[in-house]
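Here come two complexes built around chain A, the first alongside chain B, the second alongside chain C.
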Partner chain A sequence: MTVIDTTPVVPVQTRSERPWSFDPEDFERPTGREVNWKLSDLRRLAPLLVDEETEAGERSLDYDTGDAEARGLLVESTGHDAAPRGEIFQPEDLASAIAWKRCANALHVRLPEGQAVEAPVVVRIAGRGADVHGNAHIVIEAMPGSQGTVVLSHEGSAAYAQNVEILVRPGARLEVVSVQDWEDDAVHAAAHQAVVEQGGFLRHIVASFGGGVVRVNPSVRLAGEHAEGELFGLSFADAGQHLESQVYLHHEGVSTKGDVLYKGALQGEGARSVWIGDVLIGSGATGTDSYEKNQNLVLTDGTRADSIPNLEIETGDIAGAGHASATGRFDDEQLFYLQSRGIEEEEARRLVVIGFLMEIVQKVGVPEVEERLAAAIEEELRRGASLAPASRAGA
Partner chain B sequence: MSVLDIKDLQVSIETEQGKKEILRGVDLTISSDEIHAVMGPNGSGKSTLAYTIAGHPRYTVDGGSITLDGEDVLGMSVDERARAGLFLAMQYPVEIPGVTVSNFLRTAKTAVSGEAPRVREWIGDVRTAMESLRMDPSFGERNVNEGFSGGEKKRHEILQMELLRPRFAVLDETDSGLDVDALRIVSEGVNRIKGETLLGVLLITHYTRILRYIQPDHVHVFVNGRVAEQGGPELAERLEEEGYDRYLKAGV
Partner chain C sequence: MSDVLIDRPELEGLGQYEFGWHDSDEAGQIAKRGLSEQVVREISELKNESEWMLERRLKGLQLFGRKPMPTWGADLSGIDFDNIKYFVRSTERQAQSWEDLPEDIRNTYDRLGIPEAERSRLVAGVAAQYESEVVYHQIQEDLERQGVIFMDTDTALREHPEIFEEYFGTVIPAGDNKFAALNTAVWSGGSFVYVPKGVHVEIPLQAYFRINTENMGQFERTLIIADEGSYVHYIEGCTAPIYSSDSLHSAVVEIIVKKDARVRYTTIQNWSNNVYNLVTKRAIAEEGATMEWIDGNIGSKVTMKYPSIYLVGERAKGETLSVAFAGPGQHQDAGAKMIHMAPHTTSSIVSKSIARGGGRAGYRGEVRVDANAHHSANTVRCDALLVDTISRSDTYPAIDIRVDDVVLGHEATVSKVSEEQLFYLMSRGMEEDEAMAMIVRGFIEPIARELPMEYALELNKLIEMSMEGSVG
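What follows is the complex of A and B.
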């Protein structure tokens, strides 16, 4: 792929020292100069920065947990002081602090100790309109030795601030997939914060297709020895969409392993993606093996992709650490190869784009979720079929 | 019987130093039952010929013609050439992340033959072809060329040739980077396809090694963008002993 821009930026402060508070009063209203807001669409996110009552009586969005309750995977919703809510979660921005404060009862999904939960737990979250402000706190807890997949699936329209607290207990293997399939006028700011304890494994996947502004920021602490984290993302930004992920992976324990891969496609005037990837290898995290990469594929003119990888290393005794970022147009050699096998140019482009994003889909490992994501990618391509392809690199 | 006819072909590429001529008038006529070997030192234009036939956009045709049974190949897009029956086995096939081999093969077959192959028959054909190239069945679930070894890439190229059934195949340094076993498997594949169907082969190689397994009818020696000498299989044997120095010294 043609490398157009790679922008490694030295962070102004160690990522772990970012201020946090449960009280919205402690946060200044962001101006757009802050490190965690400077590439965001603050104008459209403004409704999420209003500290107002939203979840009085009933919730502002519809939550459908399917058969999770019948399967014994739901815990009675938890208030502000009910553990494990707040065990590790620390709001780091105003929207997140408001969401913490205004959500009285958190949804709590728990995979029971030692159990492999076969079918994925799907939580459907449907908005009721772009003017309806909602705030949520969701706890996903994988008890020791448990195994399973939890899908948060977003649709409809809303102005939605969301905290997701993910607890991976020792030896548990958890996969969390957050799918953003909103209407065009939805705005969604989510802070996912996870801890992975000793020998635990978390695969965290962010898939953003629909929505006006979607900002899903996952932070993962690999706290225990031999904890593993895979942080994957795929986004498909159309005209006027702003899709953003600020990813933070903190290696704290000994011999932890991290793999971050975010891939984005952009098509149409004003399509925008933002990826900031912070990896911090702490002073005690000897034997760390870590890699992060962001790749963007530009399908038409008029798009913008920001990609900022940051890597901080506080110990020299690691197995490996690396980062990469590439944003480019179609690889002409891939198109040539496919066309030389008789495949028409348009079909060849389609295959390359699907393939580019399928690399993430293939990592899900749960067929029904993979099929759903593949269908969403196909739908995005259909929508963009009439758009002129990006001018060739160098042309 | 089909004929691929290359006449006075002149080709250049754009470089940072400006236009660079590579082929300076190449004539070559191949029937669909013949094997032609194009040999020559590095930089003589062998691969340029291969990629020009396939229609790679990097190469500009400044003069001459390529026709397939009288049809103007140079006027066709890359995919039209493939559907007309031309095939290029590449020296460095690119990776296509996220596209599995089986999906790729089925898409290509559908494109080349104009209709989707019948599922049961197709699965059988793919399995048989993979078996004869000693490829593990799990190969189909891997992404195209991703993480393939050199030998796997070349076998995958020949697998495509076997399944797409072209009338003319250009093998661009298919022998490079192969160990003896892989070279034998790949050569057997070419010979097998040739035995089953009418196939003209343009075998591009630097070394004579592959010609022990695939017997050429004609040998052309490329030097500096032209055919410097041509003959039968005996010419390859002579090159084996003398190398290309003779041509280079003569400054042809």
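What follows is the complex of A and C.
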């Protein structure tokens, strides 16, 4: 007797219906077939899928908030039930649910109402070793009419699951930059979830250079009328590195504006990048203007770039929407032009790559952060200089 | 602004099913519902098949049972697999000529206009599928003289077992997906085409398929082999009567395009709005070969169809043009796949989708460039046209690059029919519904102009119906 599996499975029909829960028990252990795991490196992320007390308790990583406390920008750490923790955050995968459960006290950065905070708030997060498992919840809240930049900077090595909850209150303008500059053996899975209220503005930038597996997934809800979101990303994957971002932009409010641009460069055997972009224009989001784009620059053979720019539209009354994805080797014409001006090929290649990635760096708008990102790109190029652009020779 | 967009009666003709009659249903009454090993064995026995085909079918059944339902795409929970007839035989043997066909079948085809099409010599050969088995087909003598084989798949299995066994299931293995496995288990009918080396078939080969039994799954199997340097254009058109409960259509189409050959496969899918249309179509393009899919999806309740091309030989070329129209209650999950497996391969995908009246139309695609496929290029262009505020448009492209020397791009635009466009056309003396239809026609024009004349006319007729505003 043949047993026929015709169990009706109704696939999730829109990105906004993806299941979520605060309880890790509600999530099956990922098999690699799930839409949000199928391109991930589950083998190396395995330590983050185990629901256990983190070894060094709350302080499995070092957090340095610099002068934020002195400037009155740090609120006492926030427990599970203390608002605004959990106001909008909904864990959508197992790693995120474990991080929620296992992090008792959240870090809470708050830009006071009506205040323009000049110098960026920098939170340095340093790992204590690849075998030290850490879980974190970080709340970044920009109060009504406030303005400022918050930088999360990651270094050292760790097995780190991280939730970042971003609240942009009416009329606030917030920039969040997350820099991943880990050692090669670090694994890092981050879920950033943000809401932008009426007239608010969020610029969110993910810059990933170091780390073994780095998965930073930002979700942004443009909930209020005239809310704006700019989601930018920059990644540079070397041999053996897996850099991933699953970006979700949900237009909920009337006349919201969204711009998503992620750029990646890949070099060396086994360098891997994964980019999944979901833009959902909800049925009430009339007058939406949205664009998403992902571009990858492949510098050597042996790399793999996945790019999935999804677009779901539930209303026809929009101002405009589009998306694009392009992957290729850098422009031979540009290279030829530069060489014809007397620039050596190696230097010309360097300039082309820098030109490609600087588009994101220049969007930061904070000089000290821009300088740091530019330096990281230079460092990557130095490392890749010895790698030959393999198959080009066989042209 | 919104009220301009919500009510669009003049567009209601689009996607509406015209052939809403059905013949008295005699064969269907005796067919069993539900699937079991017994049903599969009986199908094979009735067809007097050799042992290897029965084994393939049983393997397909086993894989169908094991494979899970897809966890992505459309909602398929409405399919009741136990309530489907997996095999229906309409006549005992194939008719030799038009006059041999039973009267009700002749009437069916008269209404579909097949004899006219044949007389006008627009059609090279007609294989008309009626309830799982081809009951009528005729090939013009000049084709036979060229050595072209064009017959229903069941006959081909009997008359050309050696070609059949060599290629069957090589492009789409039984375990490819749940519905390909189901097709392998219970397939019946479909077309078989073999074009010998260097032969150019000048006129399109054409087949009509119909579902005519309530709750009857139609599982045709098509196999096309274009030998080196040959050319053929195959056209598949679908119409089906409307019934009260849902039908399942799950075809498998395998195409092998050998060195320097070219195949174009055109589909205008216009199933009635209660049919689940879950189809696996795939072509293999060898060195220097060209494969083209032209895929129109207008009917059905749910369509999940992503014609794919495996570019396995150097300089192989693939092209897919896809148009999807979703009206009320319809979900068109259409798309395309291009898998670059050899150097210097090129492909392009152009997709156009229109959703109205709460329908949902989308593009789902995959482009993969393997590590050895250097100097390959692909472009994907998908455009969606939104004509009201309650319909839905989705784009799910996946791009996977494993080599540095490629050029690849995906671009999509979504536009709504703007008041400005309408106002402009109306200021030139056009009625509003006329203007709307013109915008829609202009939008799908890049696809329509690739269609053979009679299909372009059919598509235009649907647009015209919308212009009149008289339907619905």
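In this text, the second predicted complex is superposed on the first by the 376 of 395 C-alpha atoms of A that agree within 3 Å, B and C clash if a C-alpha of one lies under 4 Å from a C-alpha of the other, contacts with A are read in each partner's own complex, and residues count from 1 in each chain.
We take it that contacts are C-beta pairs under 8 Å (C-beta built on N, C-alpha and C of every residue); 3 or more make two chains touch, one makes a residue touch a chain.
All values derive from a computational prediction rather than experimental measurement.
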Broader residue contact with chain A after superposition on the shared chain, chain B or chain C: C
Partner chain in contact with A:356 - chain B first, chain C second, else both or neither: first
Which superposed partner A:342 touches (first chain B, second chain C, both, neither): first
Partner chain(s) touched by A:254 [first = chain B, second = chain C, both, neither]: neither
First, second, both or neither for A:334, with chain B first and chain C second: first
Partner chain in contact with A:104 - chain B first, chain C second, else both or neither: neither
First, second, both or neither for A:82, with chain B first and chain C second: neither
First, second, both or neither for A:42, with chain B first and chain C second: neither
Touching residues (chain side chain C, partner chain A) in the complex: 1-2, 5, 35-37, 61-62, 64-77, 79, 81, 371, 374-375, 384, 386-416
Residue ranges of chain A touching chain C (in the complex, touch as defined): 1-11, 13, 33-35, 283, 286, 296, 298-318, 320-329, 389-392, 394-395
Of chain B, residues touching chain A in the complex: 54-57, 77-79, 81-83, 87-88, 90, 93-99, 104, 107-108, 111-112, 143, 160, 164
Residue numbers on chain A that touch chain B, as the complex places them: 331-334, 336-345, 347-348, 351-352, 354-359, 361-362
